[in-house]
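Please read the structure below before turning to the comments.
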Amino acid sequence: MLSKTHKIVEALLFAATEPLTMEQVEVCLEVDVNLKNIVLDLNYFYDEEEIPIKIHQIADGFILKTREEYEPWIKRLYQEKGNVKLSKSAMETLAIIAYKQPVTKPEIDAIRGVSSYMKTLLEKNLIEMKGRHEGPGRPLLYGTTSYFLEYFGLNSIKDLPKMQEVEELIKENDNENPTVPQELPFQDSSE
Amino acid sequence: MLSKTHKIVEALLFAATEPLTMEQVEVCLEVDVNLKNIVLDLNYFYDEEEIPIKIHQIADGFILKTREEYEPWIKRLYQEKGNVKLSKSAMETLAIIAYKQPVTKPEIDAIRGVSSYMKTLLEKNLIEMKGRHEGPGRPLLYGTTSYFLEYFGLNSIKDLPKMQEVEELIKENDNENPTVPQELPFQDSSE
Amino acid sequence: MSYKVKLDIFEGPLDLLLFFIKRDEINIYDIPISYITKEYLEYLDVMTQMNLHLAGEFVNIASLLIRIKVRMLLPSQQVEDSEELEDPRTELVQMLVEYRKYKEVSSILKKIEDDQLNLYYVTAKTDNDEIDPDIFLSDIDLLDLGLIFNKLLKNIPKPSYYNIQDSKINIPTQMQYLKSLFIEKKKIKFSEISTHIEDRIELIVTFLAILEMIKSRFITVSQKTIFGDFWLNKNKEETFNVIQNS
């Protein structure tokens, strides 16, 4: 029978967007746990109940994966147009990493104003970790991969369009970007 | 008992990065399925087995989310970052846009009695421009996005409480005469 | 009289009026205009005394309230038609009733938001080696990346929702202004200066200017009560300089 601790670890695995580490589990639960045994129990349970997922241990921690036998269907889902598109947030994150690399997640979040997820970009091999920042907390540094350069046909990251060039391009299209009227709109309707 | 079809849909739900639609399921399975019933069965199964997830229907698709009761632990995983809530004024503006869309800024401002800022809502992709009003000055029209539905876990804009219900709620509040007099939020600091 | 005011709790003049209506259990369709106008103006008075920027919208509603009050006081000349005469309050009531609906909706949305943010998306990886990443990227090209980054740089979120406009005043100009006031007077009440101040930045700059002037011994400051108004007193020996500077 699965304990409450099992269920909490399971919930953490479901919610995590990056590999779940021993340290994270201990921080969340505030107690020491035998993560390996919990994972074994959960995997046994998934087997028994034929739930189409399995917990895998990789270098960084534990992740949930769909079972291999469902790949044919999942592949179709991914290849169906519309489902594989880079999301707006992933695109923004990628743009920031490309231009500001090596860059930390807090820096990316500060520019976007929201928390960013690297998972998809890491999975698609568009970005990778490039060591750690020397500052407080030693956050991970991210940069683009060689696959990124290859895909966009770049020799080096310096070949990205310069911000000045982009500015000029925007100017030409300015007429298509009307500014929002900002006048004080309160109207005394009795007049 | 859950069928093979149930299991495939379940695997697709785990793998999907956007709400899983009826069409996607049919493309993947190459047969017609009753997705709603499958979702009901899966949710029943998750309840029975105490699996910490639930399928939600939002914006014309289905997504898996963690159960509310695990939020205290998951929150620690994210260290409370990322969940920046909307300000009071942003929420008021959004409420008006949601109900009166497509709507212009002067119309919104007239209802609120103050000038409203759209920037945060536009940045968060909760609202978007929906062309221009034909009237004088041709002001921009605003409406909610599909991400708005996702953000509030709604299946469609029609799932918002009806204005009539809202008015009844206000009436009820009116009748519940508050007995404790509320103080103006001034403090005499000379005390 | 000095107050600490938590202004940010009101979203605007209508919100403030709704607060009075709720607090005093007023029937929104039968608002005692004299009373509510008095409350409203008192509040504005406190705001002004605190030298807080009074948004134009607050003033607009104040004048609307006063107009309604006047119209209600005027004796209706045609008694027979009085039933057909429109209640001067109608427009205000409509505004309040409409705004109240959306205020209610926004509190409902707030609750939904709270609930939703407690739920997290479930993610499982897939062994997607076979999935062509090129499809994934098919929607963007190099220029898109540049455009997205450019847009982000321009829209780096500000730490607050307030729209702070560039203040044209600085400490030296404000000092000049203050000095000019002392040409005719030896003593100036701070509240006399502050009534002309339009926003907080200006208030802060004025304070800094005053501090500078104390430091340079142009003026001294006296105050009778804690948190009370204070006087700026011109130092005698500086009189000559002022005339020169002006």
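Letters A, B and C name the chains as they come in the text, with residue numbers starting at 1 for each one.
As a convention for this text, a contact is a pair of C-beta atoms (placed from the backbone, for glycine too) under 8 Å apart; a residue touches a chain by one contact, two chains touch by 3 or more.
Quick caveat, the model's predicted, so the values are computed rather than measured.
Taken as a graph of touching chains, this assembly is complete, with every chain in contact with every other.
When each chain is reduced to the mean of its CA atoms, the one lying nearest the mean of all protein CA atoms is B. Rounded to whole angstrom, the centroid-to-centroid distance between chain A and chain C, based on C-alpha atoms, equals 39 Å.
Between chain A and chain B, the centres computed from C-alpha atoms are 22 Å apart. Taking each chain's centre as the mean of its C-alpha atoms, chain B lies 29 Å from chain C.
Residues of chain B in contact with at least two other chains: 14-15, 17, 53, 64, 66-67, 74, 83, 113-115, 123.
Each of residues 57, 120-124, 126, 157 in chain C touches at least two other chains. In the complex of the two chains, the chain A residues touching chain B come out as 2, 7-8, 10-12, 14-16, 20, 24, 27-29, 49-53, 64, 66-67, 70, 73-74, 76-78, 80, 83, 87-88, 109, 113-115, 120, 178, 180-182, 184-187, 189.
Residues of chain C that touch chain A in their complex: 56-57, 60, 63-64, 67, 91, 120-128, 130-150, 152-153, 156-157.
Per the touch definition, chain A reaches chain C in the complex via residues 14-17, 53, 63-66, 68, 71, 74-75, 78-79, 84-86, 91-92, 94-96, 98-99, 110-113, 119, 123-126, 147, 151-154, 160-163, 165-167, 169-170, 184, 186, 188-190.
Per the touch definition, chain C reaches chain B in the complex via residues 2-6, 9, 11-15, 19, 22-23, 25, 28, 43, 46, 55, 57, 61, 95, 98-106, 108-110, 112-124, 126, 155, 157, 161, 163, 225-227.
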